[in-house]
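You will see two complexes here that share subunit A, one where it goes with subunit B and one where it goes with subunit C.
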Partner chain A sequence: MNLNITNRSGQVQQLEFSSGETLMKLLRDANIDISAECDGNCVCATCHVYVDKLWLQGLGELGEEEESMLDEACEPEDNSRLSCQLVLSSAQDGMSIVIAPDWQ
Partner chain B sequence: MSNLHTTDVVIIGAGPVGLFAVFELGLLGIKAHLIDVLDMPGGQCAELYPEKPIYDIPAWPVISGQELTDRLMEQIAPFTPVFHWGEMVQSIKGDAQKGFVVSTTEGTQIKAAAIVIAAGGGCFQPKRPPIVGIEDYEQHSVRYAVRQREQMRGQHLVIVGGGDSALDWCLDLQPIATRVTLVHRRDDFRGAPASVKKMRDLVAAGKMDLLIGQVKGLVGAKGQLTAVEVKSKESSTIVPCDLLMPFFGLTMKLGPLSEWGLELDANRIKVDTEKFSTSRPGIFAIGDINTYAGKLKLILSGFHEAALMSHGAMAIVRPGEKIVFQYTTSSSNLQKKLGVA
Partner chain C sequence: MDYVFNAWYVAGWSSEFDQQLCTREMLEQHLVMFRNSKGLVVALEDRCPHRQLPLSHGKLIGDDIQCGYHGLTFDCSGRCVRIPGADNIPKTAYVESYPVEEAHGIVWVWMGDAQLADAKDVFSLPQWDDPKWYTHLGEALHLKANYLNVAENLVDPAHISFVHPTTLGSEASEDIGVNFETDGEVITAWRWIKDAPPIGFFREVGNFSSNVDRWHYYDLHLPCTAVIDFGSSPVEKNLQPADRDQGVRVFALHFLTPVRAGYTIDRWVHVRNISIDDEAVSARMDELFKIAFAEDKAILEAIEEAEHRPQKRRPIRIGIDRGPIVFRRRIQALIDTEMNNN
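Coming up: the complex of A and B.
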């Protein structure tokens, strides 16, 4: 199973994933430049990504905690998600995401 | 109090690991000053997740970040550490032979025999909105914290954010500002419900404005803002603005640490695992800020590192003095230091 990741420089790469891991961990293990300062506690909003709109619904509802934390994300959009809150499954095979800009 | 101090050890960072270092150093009779960029103890525990439960502190099946901080403060109180809050360390001059001088952004200077860096993920700094040209206005027209409330009198204020900082400052400054406009990305606020209600009442009474959207443009000249552009999906609004106050929380940056001549690996300080010494003798690094083979970023690992570092620091603070290893359960000497004997 694969994801298509566009990094901050605009380069696209494919990452292989297995079910059950979070997108944040996958990105970090692949050395993709997200800071994820709080290590997945949903308190820092520095693992922010944009999800291809066609795939948003398959990810399920945005939790209240995640929605609140997006208030502190850099340049939030309608398709913003925090990658530490996204547990990947076969339903995401082929999904495209873009890494959001980081705080200066 | 004078800005010049002398002590045995300066600890940079007052998170759980920096606080516990006071304890381990204290048992060896070593005094410490702590410097933290935040204005309270606890580091990430207090700033990022004060209410979040932590489940992996030995003997605490569950404890919140705030409670852990409070307990550590209680535990180290007998050693009378000196705290310097809201200051960032700018430079470390000197060496292990002659001693060190630590200087902060607020002009504090501390002479010490050894330095312990317990800076966690780095220095907490306000998140700066990625608006083109904001750096030109930061000196006169952008405030990430309110230091002098009176400066806000008679100004058009644009406050951005949906948490307690944004709401509290709206309520506090509304009576003295010419006009307060609160800008938030959605019509839902995570701040305290009572503050949200007060803010909505002021809006309903026409005493302040609430705009749903994001600040995307700045208008002004020579470093002075005159207005900001707030964009939502449907519209764009120009709002008069003398001072822009974004409250998006804090983020961690390495800051001046990268210029202290320490060997780094992927923005972490390289240490040995015997004394947790850095590449600069006399400077130690413990907790999340360091790296070594097998490193785990756990509070409990940081506590362990603090104990070993203290024995390493002893050799520099009191060279030639032999350490008699003792237990707090049996040593009347240690119990005296703890004030329990």
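Coming up: the complex of A and C.
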């Protein structure tokens, strides 16, 4: 199973994943430039990504804490997600995401 | 600075109020307070509606305050009862009156819409009415720091290993994660440190010498009351969380009063299940807490200054920040709700 990742320089790469992984850990392990300061605790919004709108519905509802934290993310959009809260499954095979800008 | 107004805030201990005028500043409001002849504590706006002289410059005549400038006189409800030289007292001649409640030696003032003030909402600890527990009123710690930073320090168990190494923390807890949960208006950050040497506080207060299991539960009751439940028990007892009363258990209560931006008063109390009635133990606990609270004051005042210096970066946020960040979000939601209702 694969994801298509567009990094902040606009380059696209494919990343292989297995079910049950969080997207944040997958990105970090692949040395994609996200800071993920809080290590998956949903308090920093520095693992912010944009999800291809066609795939949004398959991700289910935003959690309450994730929704609050996205208000504080850098340049949030309707298709924003925190990658630390996104647990991957076969339903995401082929999904495209774009790494959102960071403040630094 | 924004505040939550619809809440009870501590104005002081009961012993601080008698039949003399005294002043308090709370949430940027100036209050004049006294205990009337019926024994009730009164809190009024400390500013004459005429020429704006603080009424605390005037004098108490019976249960009324006479302004020190032209003698306008106000009763305990804030209503003007006399304007010397005038036959008529207009409706506009009044000062704001604040609801007051007094319980367990503590005086609380409601700073928001008086219609919403309900004595049932005054903080109370169940152990206050239990003879197996002993309560000691501490002191008022004045901090040149904003109340949000002071409050977040009280839902942050992770700092104690580094800020309070001789009293409340130790190296053993440095790398132990913090758990987090919310229940209604209470935010809790907590952790257990198992099988570690006793911290300084419990070597003295609990007489522990060999390894203990130790807990710290930081309950922050929105907006500004913190209940820190901490204690220790011998490792061999394998104490379960529900049985904390069987260990040496202490509650450190912190009642924060935001005074103004960059200034907060933390009035603290401790409650314990050992050495009942032993005031020598209370005094020693006061000393230990005062060491720790002076350490908090030093860091919080340094942060207040550092935060106001220009900076290019957003402060980073790490996993242990969950309690503080959820606290700030909840406070902001309460503030927004009050502003939308006004």
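Convention: the second predicted complex is superposed on the first by the 104 of 104 C-alpha atoms of A that agree within 3 Å, B and C clash if a C-alpha of one lies under 4 Å from a C-alpha of the other, contacts with A are read in each partner's own complex, and residues count from 1 in each chain.
The rule is simple: contacts are C-beta pairs under 8 Å (C-beta built on N, C-alpha and C of every residue); 3 or more make two chains touch, one makes a residue touch a chain.
Quick caveat, the model's predicted, so the values are computed rather than measured.
Asker: Put the two structures on top of each other at subunit A: do subunit B and subunit C fit, or clash?
Answerer: clash
Asker: Once chain A of both complexes is superposed, is A:76 in touch with subunit B (first), subunit C (second), both, or neither?
Answerer: Touch partner of A:76: subunit B, not subunit C.
Asker: Which partner does A:93 reach: the first (subunit B), the second (subunit C), both, or neither?
Answerer: Neither partner.
Asker: Contact-wise, after the overlay, does A:29 reach subunit B, subunit C, both or neither (first, second, both, neither)?
Answerer: A:29: touches no partner chain.
Asker: Quick one: is A:40 in contact with subunit B, with subunit C, with both, or with neither? Answer first, second, both or neither.
Answerer: second
Asker: By the touch definition at the top of the document, which applies to A:68: first (subunit B), second (subunit C), both, or neither?
Answerer: Both partners, subunit B and subunit C.
Asker: Who contacts more of subunit A, subunit B or subunit C?
Answerer: Greater contact footprint in residues on subunit A: B.
Asker: By the touch definition at the top of the document, which applies to A:101: first (subunit B), second (subunit C), both, or neither?
Answerer: The first partner, subunit B, only.
Asker: By the touch definition above, which subunit A residues appear in both interfaces, subunit B in one complex and subunit C in the other?
Answerer: 35, 37-39, 41, 43-44, 46, 68, 103-104
Asker: In the complex formed with subunit B, which residues of subunit A make contact?
Answerer: Interface residues on subunit A, with respect to subunit B: 35, 37-39, 41, 43-46, 67-68, 70-72, 74-76, 101, 103-104.
Asker: Give the list of subunit A residues in touch with subunit C in this complex.
Answerer: Spelled out, the residues of subunit A in touch with subunit C are 35, 37-44, 46, 65, 68, 103-104.
Asker: Please give the residue numbers of subunit B that touch subunit A in the complex, ascending.
Answerer: 44, 48-49, 52, 121, 127-128, 130, 161-163, 184-186, 188, 190, 214, 248-249, 251-252, 297
Asker: Using the touch definition from the top, list the residues of subunit C that touch subunit A in their complex.
Answerer: For this pair, the touching residues of subunit C are 313-314, 316-319, 321-322, 325-326, 329.
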